[in-house]
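You will see two complexes here that share chain A, one where it goes with chain B and one where it goes with chain C.
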Partner chain A sequence: MNTNAIEIRKLVKNYPAFTLGPVDLTVPRGAIYGLIGPNGAGKTTALDMIFGMGRNDSGTIRVLGLDHRADEVAVKQRAAYVSPDLNFQVWGKVGKAIRFVRGFYPGWDDACCTTLMHAFHLDSGDKITTLSFGAKTKLSLLLALSRRPEILILDEPTTGLDAISKQQVFAELLKAVEDGERTVLISSHGLSDLERFTDHIGMIKNGKVLLEGRTDEIVDRFRLAEFFSTNGTTFLNRAGLVILRRTENRWHALLDQNSDAHSWLQSHGATDLSLTRVTLEDLFVALAKEEDK
Partner chain B sequence: MSSERKNLLIGPISPAADGALYQQIVDRIKREIAEDRLKPGTALPSFRQFAEDLLVSVITVKRAYEELEREGIIYRRQGLGTFVAERGDDRSREAKLAAAKELLRNGFREAAEAGLNPDELAELAREILEKKNEHQRH
Partner chain C sequence: MKLVIMDHLRRWWWVWAICIPGNCGLVLAISASNNKFCTIYPVGMFLGAMLLSFDMQRGHTRSILTMPVTAKQVGRAWWWVAVALPVTVVTVVTCLMFVGFSCWRHDWSGLQGCVIFCLSNFLTFGTMFFALTGLPRAGADYGDLAGRIRGCFFGSLWGLSFTGWLFFQRITVSFISGLALLLAAVCVTILGWFRAELLVRERAMRLATSPVPRTKSATPSRSADGFGGLAFLAQNIFVRMAGMGVAMFAVFAIVLPLINGFSFNSAPTDYMGDSFPIFAFQFLWIMTFQIAGFTMHVRYLRTMPVSATKLAAMLVVTVLTTMLLTFYAAMLLLSAVFQTPLPGPEKIIQQGILLEIAVATTVVPLFIWRPMEVYTFVIMMLAMGGGTFAIFFKQSLTPSISAAASVVIVLGVFVATKTLLERSSRAYRPRTNQFGAWNWGGGR
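After this line comes the complex of A and B, so read on.
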């Protein structure tokens, strides 16, 4: 059996003012995968296309080994998508929305639904229009999770949620992948949450993939470097090194330990070189900045 | 699906604490073993279940288990689960001792660089020990 839940290969989508791709992304089965990138990087475009919203100009998307367009119905039965644009107000009350969505999915899990209603403090009688923003997000998550989908795709699910709700959401996502078969793909700007809860990360910027891999390995690979230089060497435009700022002779940079930047610095007059671990946020800021040069 | 939940309390894992998250898990489990709260042969939670309990990614727990397995402190039996090794407590203590020696060596070097002589150093060590004992009594 295929060990990848989602395989995106050479995906390209052209818009008048923006091109996504060519993008390759691999989401392993059983993982929580975080898709990150600055606003406008193409995250939502990529996620929408997995679900057949917008037709790709070239490339392939395979979901659980199935072609996302040729096997569209099967894909949609087995994968669920939670988007910030979902609107359940037409059903009036929470209970009615649940009964409606439930009817479409043979695999609907009533016990899971009941547990989640309790955990998320939702009640069948609640009027959807009066729910807070966070409660509406929880409702759409509940509707997706209760289907027990093999793949759950979430676009910015934690935007506007308080810290407690965010933790609840991630606790549910960890539960969802507990059997090692189900997979979660999540796009978010909550980088400290993603660093803690995701197994894999993909970062896109300007429609291109900058990085992809195990979250821990990616974070381990980079260091924040601080050093002095008085010999006038310019450290700009060196592979494996992103200069973050400079105050006179003191330099701050992001250093890729998979490159030779470390020894190169030492042989080019950098002194008092010190390295510190990065957070995913440090990495994100540095890499987002680099491309802008 | 998980059959029976195994509870293992090791305290909260936090990015605000020192070290990578997986390293914190490694250290806590070693401490549980060294202090005899986790005995040889005890089954550990599956890494997916433990991830849920600790609210960290599955990869984080997996990496911690791999590290402990490499050090011979725990072992995996295909289909049965992960267990604390026989003599895992000794190995755990050895590993802790090696880490402690390394930290002390670094500490002494820093102190020497700060100009402390051996007598002053010993005095400093005593002071720290006394303070630690006070904390433990609370």
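After this line comes the complex of A and C, so read on.
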């Protein structure tokens, strides 16, 4: 059995003003994978490609071992997509949207649907247009979870949600993956949430993947370094070292512990070097800045 | 107010620059070929309230209200650009053309047509703006009966503005009918002036959302019961399209005998004559516009376990079947009303109706490709206009060629829809609807 839920290899999609890729992403089965990146990085484009919304110019996408294009219907039977961009207004009422979606899935879980409707304070008679933004996101999640998908793909699901709704959404997601069989791929700007809930992350910027791996390993791999230069040395970015800011002779940098940056700094006149743990947000900002330079 | 008017003209000058000279060119060309001053009327569909609706679609109402202007000022400025200005320009230009043409040909017999054209333009611009002030925002909650009736009334006015010109073209002006037209135009124009502020306020409002948690209804909703999936989608498309189509043909069946008895030249029994395919063509297109709402959630449709081929086939076949069935029902209705025998398939093909139905299906890939916005509208109007003119040449097609061409067009539409669903990224961009509703997601 394939141990990866999603494998994206050398994916390229060209637009007149933007090129996604080549992208390589691996989402292990049973993982909660966070895809992070600044606005316009290509996250939604990458996720859209999985569902055939636009055709990739080259590369492959395999979902549960199936080709996303050749086995399109089978992939969509086993994967669900949640995004605030998905529009259900045409169905008028919550119940009608449920009726429409349920028709596609023989394994639709009515009990789960009822439970989620209760948890999300939704009623099948509610008019979709009068639902709040958060309630619409919850409806989208309800429609996805009730079909018991093996893979759940969420594009910015917590955008516009209040803290309580956000917690509710993540609680339902955790419940959905507690059996270890279900995989979640989530793209979000809520980095603190992702750090808490995901076990894998991929960082994407300007259409390229900057890094990918287990969240704890990645966060553990990097450190925020603070040091002083005594002899007027100017430190520049190099492999494993991203200079964040400088105040006279006091320096702040992001340091990759898997590189020789630590010893290099010491050998080049950095003194009083102290290392502190990074948050995912620190890491994201630092790497995004480095890429801009 | 002046700044709002100038802003509108600065952004939409190019539409004016196409429409006014275009209209002049067509009028002069047709008049020259007929040796009589003749007018045509599609210009109102491109200017006035239609341009405002595209501004609303882009969320202009909310942003303009953050400027130091009142809703009343904005509303009145919109009335000027949507009613007063186009009516004045079209009237002056038409009168100048009439005088110029009549002096050239020494023939003033087109005066009646010129007066009717100016009056019907006045009426249409006024009606479209008035209709816009009460048109339900797509997505707004007009749940109660009064709200629905109000929405239907203004929606019908908006729809009639598009087909009304076909009636006006054939009317024979008399003092009474001219006065009636003028009075109607003045009334809707004045009403539009007073409702302009309301239009701005309503469009700037976000849709009211329900507080959570809500009070549950005592009787559980049964809206989730029944079959779902693609069949449910097809059923919904059918109901909306057929409902609109039957309503239009029914109005046609009621209005045509009335007007025939009043001032039309043609005999009431001649409903399958030359004018019918033109009406039918417009009706079929308006029917197909009903799928615009469904194509707004094409992103979601593509996440369902359905191949692009099946989805494309379902959309095209549903639209095609609905038009065929609705048309057949309309034939039954019209035959009963006019007490004439039901026209056979050969007559229908000969009149180019099958070809018209096939051409109207091109709306499917068009709406998959792009949302209902200004460029889509221009494409549709060009296609509708071109199709209407093409109807005049239908006699040159034999029924077999006409039928074969229809099949080829439908197959082409299917291939285009499938290709767009599979390959186009544009098809999946978040969409807003035309009348300024606040949609969910990135379309804002």
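In the analysis below, the second predicted complex is superposed on the first by the 293 of 293 C-alpha atoms of A that agree within 3 Å, B and C clash if a C-alpha of one lies under 4 Å from a C-alpha of the other, contacts with A are read in each partner's own complex, and residues count from 1 in each chain.
Keep this in mind: a contact is a pair of C-beta atoms (placed from the backbone, for glycine too) under 8 Å apart; a residue touches a chain by one contact, two chains touch by 3 or more.
Keep in mind it's a predicted model, so treat the numbers as computed, not measured.
Contacts of A:S58 after superposition on the shared chain: neither chain B nor chain C is touched. By the touch criterion defined above, A:A31 lies against chain B but remains apart from chain C after alignment on the C-alpha atoms of chain A. Looking at the shared chain after the overlay, A:Q167 reaches chain B, while chain C stays out of its contact range. Looking at the shared chain after the overlay, A:T233 reaches neither chain B nor chain C.
In the superposition on chain A, contact of A:R277 is made with chain B only, not with chain C.
Of the two partner chains placed by the overlay, only chain B lies in contact with A:V177; chain C stays clear of it.
Once the two complexes are laid over each other on the shared chain, residue contacts for A:V90 go to chain C alone; chain B is not touched. Looking at the shared chain after the overlay, A:Q257 reaches neither chain B nor chain C.
When the two complexes are overlaid, the chain among chain B and chain C that reaches more residues of chain A is C.
Put simply, chain A uses no single residue to touch chain B in one complex and chain C in the other. Per the touch definition, chain C reaches chain A in the complex via residues 138-141, 143, 207-210, 212-214, 216-217, 220-233, 236, 293-294, 296-297, 299-300, 302-308, 422-425, 427-428, 430-431, 439-443.
The part of chain A that touches chain C in the complex is made up of residues 13, 15, 45, 48, 51-55, 72-77, 80-81, 83-90, 92-96, 98-105, 121, 123-127, 129-136.
Those residues of chain A lying in contact with chain B across their complex are 30-32, 167, 170-171, 174-175, 177-180, 192, 195-200, 214-216, 220, 277, 279. If you check the complex, the residues on chain B that touch chain A are 1-2, 15, 20-22, 48-49, 51-52, 55-60, 63.
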